[in-house]
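See structure below.
Labels run A, B, C and D following the written order; every chain starts at residue 1.
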Amino acid sequence: MTASKNQHLAANPYRPWPTRITSIVDLTENEKLFELRIIDDEVRDTFRFDSGQFVEMSIFGVGEAPISISSAPSKRGFIELCVRKAGDVTGALHSKRCGDIIGIRGPFGRGFPIQEMKGHDVLLVAGGLGIAPLKSLINQIHDERHEFGKVTILYGARNPSEVLFRYQFDMWKHRDDFELILTVDEADDSWADEVGVVTKLFDKIEIDSARTYSAICGPPVMYRFVIDEMRKKGMDVDRIFVSFERRMKCGIGKCGHCGVGHQYTCIDGPVFSYWEAMNLQEAI
Amino acid sequence: MGARVVVLGLASDFGCQVQLTNIEDHLLDVLGLIDLSYWQLASSGHMPDEYDVALVEGAVTTDEHVELLRKVRETAAVVIAIGSCAVTGGIPALAGTGDLEGRYEAVYGEGTDVARGRTRPVAVTSVIEVDYIVPGCPIDTGEFLKVLSRVLGGLSDKPSEQPMCFACKTRENVCFFEKGEMCLGVVTRSGCHARCISLGRPCTGCRGIAPEANLGAARDVFEQHGFETARSLHAMNLYNTNEEVAL
Amino acid sequence: MFFRVMDQSRLPDLVRGLAEEFEVVGPVAKDDRYVFGRIEDPADLELHYDTTLLPPKKLFFPPEERMMRFRVADNEVVDDEVYAGPRVLFGVHPCDINGLLLMDNVFMGDFEDPYYKARRENTVIVGVSCTPTDTCFCNAWGTDEVHWGFDIFLTDLGDRYFVSVRSVLGAELLDRHVETREIGDADTEAFQSASRKFKGSFTEELDTSQLPLLLDAKFDSPMWDELGDRCLSCGACSTVCPTCYCFDVVDRLEPDQKTGMRERRWDSCQFVEFAAVAHGENFRVSRASRVKYRYYHKQWGYLSKFERVLCVGCGRCERACLAKISPREVVKALETGGVQ
Amino acid sequence: MPLLTVEHVARIEGHGTITVDVHDGEVRDISMDVVEPARFFESIVVGRRFDEAPLITSRICGICSPNHALTSIKAMEAALGVDVSERTRVMRKLLVYGSYLQNHATHLYLFAAPDFVGLPSVFPLVETHPEVVERALRIKKLGNDLTTLVGGRPVHPITAVVGGFTSEPDPHVLEGFAETLRELAEDLTETVGLFSTFEVPDFSTSGDMLALSSEDDYAIYEGDVVAVDGGWRKPVSAYRDFIREQVLTHSNAKHSMVDGRTFMVGALPRVNASSDSLTQQAKDALRNAGVSAVSRNTFHNNMCQAVELVDAAGRCAGYIDQLLEMGGSTAPVSVAVRAGEGAGATEAPRGTLYHSYRVDDDGIITAGDVITPTAQNLANLEADMRVFAPTVVGLPRDEFLLSLEQLVRAYDPCLSCAVH
């Protein structure tokens, strides 16, 4: 149980810990990557998480927003959040500067089943901001590359200016231990990669469905189509993993907002296997 | 220096402006945060050409009001409508139902020309777009402070969208319908802590119809409790003539 | 558990005695209904009440509550102490005690809620037996009986109470403040016959078999649209429910904008913004989907975790709902396939 | 031709403009135009239910809303033949005094005082005289608290309805409030002290003075109307006979006359009419301030308001003691709806306020009439300006206009009331 790993949550799990912003990278017009360092030494040193988990990012006077951790669990001492400006809290975060103090509490939720995935091929499909939680997984796989078989990453964005982490992906494109395909709905002159929705990329990849685990994260409309493609390739429903976004106020299974079917996204998810998701009403 | 704020009153009873002065405990704090540039009620001086935030009270009843509002909208970065008159038209808008000319004669007698340039009274929100609303007749000072703090912090307006019963229940009131009286809480925008109801008076709808109210279902509730639709509409019209309220 | 017998004429002694050590809260009259309120004088206590307007949850999880005070400049918590004085909650019906046990699962399970927990641990519960009214249906869920979750429970035997003592503290308090005697066979018999009478006085037996299954099977039934058309989206049902625990969290700044507090307040799944997320997405826009979700969560979501239904059959929502939407109607509609 | 105007006179409630026509140092004409737009209250109440009248007409004025609500309630009770309990009457008097404390404090400190210290508003005093501003806020809050205690909120009382009150304050809180009133008595006396240091012009109004008056109390909630000069006493129900209203072309507010004369209502006329009934502390305060109880100087209206504050504190504490002892109920008495007609009056902070209504068999209002204090005062105010302006016309333009504004503010006019 993650909760017991993180002692600092025992006293008051609603209490955000002061956290310093140590770096801010503008990714696109509306998205920034924040690198954070929890100020309290003890809390920082005991902070452990799995890819796919999230934190509640807190700005007092404005509120909280659940945000997936983008950095890999192996990166110690710092965590990264990739945040789109979507409203009050995320807007307030965007107006912060390096050195400013915000709050975080967490990590919360159930992440990707990394132990299960080890020893298998991995297919990761991201749409838009969905790359944020997958980024953590990608980085973890990168750090422990030898533990995994073939790794395929499909990533679609609306247009070239909305492609996140491009600098990193551009570097990876030349590596032969990752198959990375980028696509945009609408290309411009600068775009040399694929054009079209992410599902179209399935024609271009080979997967051995019997030994592949996959993870999907993106806007709600994307899931059904991507899963259809995966099913066509013969993948099992319990080896496909999806990550959900629901409204949350607590992150710890109390406030009730994130109900999806008979489960709560915050404690039962946000990562669910497709088999689980199929059994959740109104999930996909 | 804080945001430059002007306070403007159109056709109203000044009750909401009075409520602004009723923040006694915090008045000095608030004044420390803003640069109060114009407020006829409290200070001599002229309306400046530039300002950041305009608080507008009152309904729009004359051509000058309309003109003033257009100018305010062009000048101010933030416009806050305060009080029912500005938000829904409130009581002044009652005069807009029926024969306005007739009302004029009823009050002043025939053939006099006193109120120049008058128009059918409407809410500020139907003349210009506003950024924040503080509904209520009068506004609640606590709610005003909350909105002001959102304005100063650059946060979005988040007025309640729901009817009153939820808040009413948290105050443990016995529902007026149980006592055979009509209450407009079922359709009225909450946010006032169901103050009237908790003091023994049914809700009269001063905060306007809740955007999420289910008017069709409310009509059935009224009828089941013996209140004909005409009667409930009449009651709902007290503060809401400005919107086309259909039950 | 052990048992004692107490004459009803002794009740004021007990209340007064408890009031020496604790704040005593119990059912008091409000208009022609009842609320849990402060007991200053044993005479204020109305033990023959039907149901209170709000359930006891308000005492553990208040409608609005400060979670912490903060300072804006450095985003620092200044104070997150929970202030919970010792208190006796006197005269709670079995349904409401069961309601608290269901809330405990949520607030005192993983990630303990310090606010709820502090109040819960500082409150002594004295239960009292009741008489079912025509809106009660606790018999449908077995929440008409209560076996734990109280310190003392008083079963009304007319001239005396059959006293069940569950906790050490309960035993000590009883011992300290009131004269009781050992139970005799006549008392036990009277107790059993009171229980039988109680069980026999429910107006209806609800068929609740296969509820979770039916909820899934009839997920797309038009019955939900009919209920949705009637629902006022007022949230009264969740407010008065002893087992609804959803909340919203908001930050409030002091007028000087330098400090403030983070508060939580009761929320309701019947509100449209309840499931709205960024970029205009909303997972439950229609009223029908929201009414459905309330029952889906209560009768299946919660059950899937805690093996109990999240309803104790107190009938409060049925009384509070001006559209007369009620679990009984929903259960019947699920069983028979249509709304009346 | 130098036509001088002060548009939207500041620090009064409502929008009004002073226009003076000065030729060769001579004042030719002068008028106070009320540009506050009409909201047609007398017309919009028609067709509404009898119990909605207090709620609607309370919205005539957010400053003295308790008075509008109560006056409307009294008129409606007269129309429907409703008698209320003694307890209700005492509670209502407290509500009127809530309005006095709020209004007099606001007018004296926020509106009038800046004139005497040469400031545009009270806000600069925050820096220079914080103790004065704090005192002002304390008194105002006292009024707000009293109005809230009895009426449910500071503006537009909730609990006062035809027949009684829908809710009563907790006795413990009432008791505590009486305590607070006694503690703050000092503030009120100091207010009189402060205003007695301000010099006012030597001036005498030409109009009559009208106020309610009753045998056994300083009349603010009930009584007959007396004319101080006219020497008569008439029942409120006859108000439409003795007050003549006329419609003007330059102003949205009507003017009023009695016996063919202009007249004044407000604190000064009240003190003139009922000085014997003031509490001892108030009588002392009046004497110490050097104002005669038969002053005709309009500018003394402010001082009389301050004296009324002193009076209010003692009187309200007494009313609260009475409430705590007396028993009885304020729960609204049941109203048998019937056709009828009735009038009511109370003394609002700015003077006598009249409402009257006619209702039909179903309790639907068929006619309504409201005459507010400011509407009664306007003719007298213009008459005063005509006399006063020539005495100050020699001053520099700004000072001249400020003097006129000062005269206007002495009346503490409420223009949205005046027009309604």
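To be clear about the criterion, contacts are C-beta pairs under 8 Å (C-beta built on N, C-alpha and C of every residue); 3 or more make two chains touch, one makes a residue touch a chain.
No experiment lies behind these values; they were computed from the predicted model shown.
Two chains share more touching C-beta pairs than any other pair, namely B-D. Averaging C-alpha coordinates per chain places the centre of chain A 66 Å away from that of chain D.
Centre-to-centre separation of chain B and chain D, using mean CA positions: 25 Å.
The geometric centre of chain C is 51 Å away from that of chain D, both derived from CA atoms. In this assembly, the C-alpha centroid of chain A lies 44 Å from the C-alpha centroid of chain B. In chain C, the residues that touch at least two other chains are 253, 257. With touch defined as above, residues shared between interfaces to two or more other chains in chain B number as follows: 153.
Taken pairwise by the contact criterion, the protein chains fit none of the simple patterns, being neither a path, a ring, a star nor fully connected. On chain B, the positions that touch chain D within their shared complex are 9-19, 21-22, 24-25, 27-28, 31, 36, 39-45, 59, 61-62, 65, 90-92, 94-95, 102-104, 106-109, 112-115, 118, 121, 137-138, 140, 195-196, 199-201, 204, 238. Against chain B, in their complex, chain D makes its touches with residues 8, 10-11, 13-15, 36-40, 42-44, 46, 48, 52, 55-56, 59-63, 65, 106, 110, 114, 120-123, 126, 133, 137-138, 140-141, 144, 152-156, 158-159, 161, 166-167, 247-249, 251-252, 254, 416. Note for the complex: chain A touches chain C at residues 1, 3, 9-16, 18, 58-64, 84, 86-87, 90, 101-103, 220, 245-247, 249-250, 252-257, 259-263, 267, 281-282.
Across the complex, chain A meets chain B through its residues 61-62, 87-88, 91-92, 95. Taken together, the chain C residues at the contact with chain B in this complex read 30-33, 35, 53-54, 58, 63-64, 229-236, 238-240, 252-257, 266, 268, 271-273, 287, 320, 322-323.
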